[in-house]
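Structures follow.
The two complexes that follow have chain A in common; it is paired with chain B in the first and with chain C in the second.
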Partner chain A sequence: MILSAEKKNILWQNFLGIPITNNQFSVALAGNPNVGKSTIFNALTGLHQHTGNWPGKTVDNAQGSFQHQKKIFLMVDLPGTYSLLAHTVEEQIARDFLCFANPDVTVVVLDATSLERNLNLALQVFEITPKVIVCLNLMDEAAKKDLFIDVPSLERELGVPVVATAARQGKGLAELRKKIFQVATGSVHPSPRQIIYSSDVESALKELLPLVENISNNTLSPRWIALRLLDGDQSFLKSLSNYLDIDQTSFQDWEVSKCAQ
Partner chain B sequence: MCAMNPSRSLSEVYGHAEFVRKTYLKSFSDQIVADIYENAEQITKHVLSKKGSQRITLDQTIDNLVTSKWLGYPLMILLLVGVFWITIEGANIPSELLATVLFTFQDLLTLWFQWLGAPAWVHGVLVLGAYHTLAWVVAVMLPPMAIFFPLFTLLEDSGYLPRIAFNLDHIFKKARACGKQSLTMCMGFGCNAAGVTSCRIIDSPRERLIAIITNNFVPCNGRFPTLIAITSIFIGGAIASYSGFVNALVISGIILLGVAVTLSVSWLLSMTILKGEPSSMVLELPSYRRPKIGAVIYRSMIDRTLFVLRRAIITAAPAGAVIWILANVYIGDQSILSIIAYVLNPFGQLIGLDGFILMAFILGLPANEIVLPILIMSYLSTGSLQDYASLEELRSVLVSNGWTWLTAVNVLIFSLLHWPCATTLLTTYKETGSKKWVFLTFLIPTVIGFTACLTVTQVVRLFGLV
Partner chain C sequence: MKGAERINPLSDLSLGSACQIVSLELNGLLRRRILDLGIVPGTLIRCIRRGPSGDPTAYLVRGTLIALRSEDASQILVRKLSNGEECV
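This part shows the complex of A and B:
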């Protein structure tokens, strides 16, 4: 189910409460809490912002837009999360947005002073969408702590564009805009690193994948769906059927029949 | 998707996934997370270099120490004992000073009332009831709070508290609850109502309910004075030269008992009415910071000490007046207070307490702070609270009312394990929005407290130890 532009507009309006027009590119901004995500969001969108709540949730939802090379980019600030494995409402919102809203570009903001912890989120985003840019923020603080990050080799390791920024000083933001433009228009094709799991997980995935591929001919990666099935992640299954207009009742019927056995 | 019914196939796939998951022994979700972390670690190794590595390792060295498998728990317990030792030792002298000043002022008040020619009952209600209870509460509560809260805030500001949560996480997971529950318990030390509110940090509704219901098993600030006073009189006093240290050990033991009960009840709830798997959490361990002394003093004094004291005063003054009336209104030749105690007595005796103690706990529902004042006042025939200028005096009052070490132990246990105060119950209602959970919050600790006291008493009596 490749989202047609029109279908995407309806989805965004109805499920996310965000109006988007055909000529706009959509950009999702993801990252851990306290990595300067909001600073980047504010610096890019300036006064063109709109804040509200995610539909039915008490979590802030900020959207804003900016122009680059005469193209309009609608940027959505996702809740700050450490992972996408949906233990919290925030994680669920971020995950569902990345999975189903199908943004044209996803920018993952990392804290350069604690790269390892922050990479976990980036690696999880990589499994959902290939159109990712990594923004390595707080470079100034990393320098103060005598941390040196080899950006070109990080780019090679991750397989996506990496932009080093110090958002509070406004450093690197022009480069970030340029990269967003390039990925959105398709002149740069990132191929993010995919995790190869332990043999147990991989062989279980192999068992599941053919079945998952049967039901999923959409943009959502079958591997991601299979992984969540192995997690036993009920909330993802619920979101999946909600967003794909799949009738929930037959799933429940099946659950009931399973219990009856 | 073609002719296939999508929902049918989704459920089929889910069923198959369930089957696959069952055929492997390990938990996939843990393995998946572990693999992701390993990738992150490898990448970081390739791209990150540190110029001066010494500064960074200091934090890590401390972390390795305080969160280590072997030293983590002993260090935690040592800190706990240390904090209580400082609190108990430090509070002794200021407590006595405050008592002297406040009760001297009471004598002055009495003189003024006599000079004004006020009726005896007005003097009784206002001075012997309200003011006396008030003075008592302030003298007993203020010094330990003024020492305990700054120490606690110091631990909080230095960044140690998240390490406690980290240490305790796997125990809580075994009890099928959330590791963040240990943080809400820390809040509960100050005030259970605040602890219940802080349960908002727990995301899973199931785990939040568990944390709310069990928060009362952490003795709050209102119960510390009772615990400290009873321990000092009956337990530490026996070994005079190390009394402060022994008291600190006993009180730490009571808190550990509270933690043990918290874990057991959490586990029981997870196995029965709040079934479910524990969720994992990501806890950011902030770097250690040198606490700002000014901020620590301000926060611990204004936000905590004065806040709790204000609440205690608001409940203690009217309660003091009411108790004075109850103790001085006679039906026949007995005061209402002693009639109530007489009715409760058989039940109290059964669990190693007596009627007066049980009544004090019941009347202490508005605030736990006033349990001990009510008790002392009930024991004394004068019908007003007596200051215990020395602990020895208080001891003789209690002993002459039939207290033994068993009574003291039972009061300690019952103080830890009984119904929450009215404020906590109200907060629980606000947070859960359901009377059912409030009722359970009331019932569970009460049943456990009665059972524990009953068991201890019957066992001790059976072996003839008293």
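This part shows the complex of A and C:
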């Protein structure tokens, strides 16, 4: 069962405090701290989201929207994180959003001047959702450091669209909008590169997968759930059961209100 | 050549010198955090600056400065780079 539009609206409204309507596409912006996520967010939405650190647990004050080809895209600016696996508040917010809010597109913003460190997060996001675009930001800074990045090869290696931008100069943003549109509407299907783990881990995954496929409802990658189970990631398991509970009750509420009508 | 390698904790590294990560003797979340920052076996790391009381220490890793407590750095094992090896 795919997360239905109505169910998704309820989830966004109740769980995340973000109102979304059926004709809107949702776009999440993820990335390491200080890679220019908020600059990209502001440039695309025309808002003046305070650039700086994430203020805390609220998600609803970092959303904006833009239009492309008469479609509305609701954009959510996530806190900057190096990873989705450690347990700072920021990482939990970013992880829970990517795992449970089921955005139509996730844009992973990378610092072109330190790709090695940044690609870690991209690979983690690839394990959660296939609907990913990589945005190589700070290309102007990279050029200053005489770094040349072979974008077509990177795209081939990663299996997702890669867009080079210099958000402060507004460069590459038109291309980014276009790619977001293409992935959201399904005209481009990314197939992000998946990490193959050691044979021990892979065989344990194989055993776990049939067991977790039931809980995931196809909205969340069973492989990701199984990997976190192997990690013994308590924080994620807590979020997962939390989300399943909320999902159940709000869905029941919704059914009750439908019946009342 | 390999037998002659000296393995030391990262916290013993003197200012300005560089070394290569051998292993992380850390567990749990801290281990995860250190790995996420790009400090993995094989990574080159240079000691750049030390806090006034000798702690924490700033290290240059993959083009980024990262400060570590000596308590944590002492659980990261490194080997000195031999002459001629490329430094960070």
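Methods note: the second predicted complex is superposed on the first by the 227 of 261 C-alpha atoms of A that agree within 3 Å, B and C clash if a C-alpha of one lies under 4 Å from a C-alpha of the other, contacts with A are read in each partner's own complex, and residues count from 1 in each chain.
Please note the rule applied: a residue touches a chain if its C-beta (ideal position, glycine included) is under 8 Å from a C-beta of that chain, and two chains touch if they have at least 3 such contacts.
No experiment lies behind these values; they were computed from the predicted model shown.
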item	value
Fit-or-clash call for chain B and chain C when the two complexes are aligned on chain A	clash
Partner chain in contact with A:D146 - chain B first, chain C second, else both or neither	first
First (chain B), second (chain C), both or neither touched by A:L227	first
Touched partner set for A:N22, first chain B, second chain C, both or neither	neither
Residue contacts on chain A - larger count, chain B or chain C	B
Chain B versus chain C as contact partner of A:E157, first or second or both or neither	first
Touching partner for A:Y82 - first (chain B), second (chain C), both, neither	both
109-117, 163-171 or 235-243: stretch of chain B that collides with chain C	163-171
Shared contact residues on chain A - chain B and chain C	82-83, 85, 87, 116-117, 120
Chain B contact footprint on chain A (complex, rising order)	1, 33, 82-83, 85, 87-89, 115-117, 119-120, 123-124, 145-151, 153-154, 157-158, 193, 195, 197-198, 200-201, 204, 207-208, 211-212, 214-215, 217, 226-227, 229-233, 237, 240-241, 244, 246-248, 250-251, 254-255, 258
Parts of chain C lying in touch with chain A, wherever the complex brings them together	29, 32-33, 36-38, 62-64
Interfacial residue positions of chain A with respect to chain C in the complex	82-83, 85-87, 113-114, 116-117, 120
Touching residues (chain side chain B, partner chain A) in the complex	1, 4-18, 20-21, 24, 26, 28-29, 31-37, 39-41, 43-44, 46-52, 55-56, 203-204, 279-282, 284
